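What follows is a set of structures for review.
Two complexes follow with subunit A in common, the first pairing it with subunit B and the second with subunit C.
And now, the complex of A and B:
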């Protein structure tokens, strides 16, 4: 059992058998397409089961069901994160942030007990990063318009001969924006896959009797939380950067009208969910 | 606040997202099976970057399905429940606040009524006291008048009785004097004349009373 949990391949190897691994050499194994999809399905199944159980406890005035109470706490946590970083209009991003948080966190938890996990796959992480950064660009365009959003990449508005600096800043900012995908992807992949590699390497020290890598379990558990937090936190920061002008203008508009109706300035917008 | 997060996307948008998601999932699987990105993936894998673009495309599809499904299945009901509870709590607090205000108003009205009642009672007591004082003064005055009247009447009666007794005394004295004189001189003198004479004498000899 220990071998299955800490060193074995369990589902991953079974699932990988149905697909094809392109880079099984040199320790950089990539789980096959089928394997990743099995893991993703497993994570989604865990989420759905938890949500079905939690939904039963929604009828009470106070959530006595522990799973419902946990989701409630997660909601407040994400709300604080969104409102604290993005601002009051950050509430509309809560469902999206919760989906990202839950997918990353549960995937990371899966990585504690199985040989691999969705978040230990570069393709999966890249997909999440592309979704996140793509959504940030979409929100930026919605908030500032196409020209307004892309003019941000050119830096502050300069005049005269200094305008050349804007042309220099623009490609750098575009590359920087594209690199956000890479940074989000590699950070998560490095932490989760690196955790596996560390466990595997340490297990070799105590083979065949002592699973030394098990001592890394608390650190890996901390990594599960921290990585989910970092991903959502950075997403909030990115959204806040592209939408804060809209919010400030909304406040300025309020001031012009003597704070008549604060909520009226915050146009309800549909979240991606 | 609640409107922002409770606003549900239209069903057509959700259906569109799900269709796109399923398409991407299938497309990712198909492209992976056809090794479409092999020319990019193999050099990357050789450099230790095990990236599978088919996975990426499929996972994007999965997320496009997950966002609306999880939102409508769980997040929207969860947020509705939390917001309803918060609204209910806010209502309870505002109700408690209005009740507290109402209680304060009632308390101040009650205190005002008490102070009014006390002032009215004080006023009535003062009026009663004044009335009693007046009555006392009146009664004292009446009593004094009655006393004076009674004293005067008594003095008058005393005077009258005195006069009457004096007259009777005079008559008695005259009779005694005449009787004594008659016995002394042994003869019957003219009673009428004598009486008149004695009477005149007594009246002249009478010491005026004080």
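And now, the complex of A and C:
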């Protein structure tokens, strides 16, 4: 609705300048602040309102405010995700992961009730994916140096005549790195936009009386959560891949063994019950 | 006729794959309930990759669909 109003006014103002069809075309090719950007603004407004409400509960000793408490839970969730996958140094990526999570999740929720949303738009998803993967490269270069980071792409260190294999692996790895952008984009876009398509298709079943597509809402709600989770999860995995250090991995390994031993001692007690 | 059929085939394969991942994860979870967190993470990553295959198929096949 908002979309129509804004685009309508845009076309009207353009028509005065140089013909209606020309203005409509320009809307598709140039950066336009009338289409999906309205929804981006809408999502950001929702987030800001939520955060302002959450900030009121911050001064208490413990959070009585429900919104503050749920933000706290979200923080713990993201912290688990980051520390669990990236390792102990993953704590510094929490703010970025929170931003991605909130943006994707809220715009997925918006997409449940409106005919478009930021995440149902290819450009917006591509922008997020480019930022995410670009940051992964930056972190990789910071952790391993430029040469170290790019020699990651060349596969294992081989010697002698086998070194030709590294030259074969390198372009393939570069391509797969670039494809990460595409896969993040298409996964999000396909799921959210595909949800809309499915609702449209199912609405045709009971066309004049029953909006059958509305029964897809629970499934789409599940998709909302899972897609936001998967985006953050994959980002964690990518960051973890480029920033993992040998000695830290050794520690994590030791911890794992400790945990396994612990559970092994627990299991006989639990099994009779 | 061909494009919808191909999309259906892709959906069939991906559905089998997703089902196998789900079944495997459930087996693992029931055998070792304390590993549920780790299994869920791995399961979601695998789901994402299998799902992507279908999405790519849809993007390639969508153009060939009859209007």
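As a working rule, the second predicted complex is superposed on the first by the 213 of 273 C-alpha atoms of A that agree within 3 Å, B and C clash if a C-alpha of one lies under 4 Å from a C-alpha of the other, contacts with A are read in each partner's own complex, and residues count from 1 in each chain.
Assume contacts are C-beta pairs under 8 Å (C-beta built on N, C-alpha and C of every residue); 3 or more make two chains touch, one makes a residue touch a chain.
From a predicted model like this one, the values you see are computed outputs, not experimental measurements.
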item	value
Which of subunit B and subunit C A:55 touches, first, second, both or neither	first
Comparing the two partners subunit B and subunit C, which touches a greater set of residues in subunit A	B
Partner chain in contact with A:241 - subunit B first, subunit C second, else both or neither	neither
Which superposed partner A:187 touches (first subunit B, second subunit C, both, neither)	second
Subunit B versus subunit C as contact partner of A:37, first or second or both or neither	first
First (subunit B), second (subunit C), both or neither touched by A:212	neither
Which superposed partner A:84 touches (first subunit B, second subunit C, both, neither)	second
Overlap of subunit C and subunit B interfaces on subunit A (superposed complexes)	263, 266
Subunit A residues within the subunit C interface of the complex	80-81, 84-85, 183, 186-187, 190-191, 194, 226, 229-230, 233-234, 237, 263, 266
Touch list for subunit A against partner subunit B, complex	19, 22-23, 26, 28-30, 33, 36-37, 40, 44, 47-48, 51, 54-55, 58, 61-63, 68, 71-72, 75, 88-89, 91-92, 94-96, 98-99, 102-103, 118, 121-124, 126-128, 130-131, 263, 266, 268-273
Complex contacts: residues of subunit B adjacent to subunit A	1, 3-5, 7-9, 13, 28-29, 32-33, 38, 41-42, 45-46, 48-60, 62-63, 66-68, 70-71, 73-79, 81-82, 85, 88
Complex contacts: residues of subunit C adjacent to subunit A	32, 34, 37-38, 41, 44-45, 47-48, 51-52, 55-56, 58-59
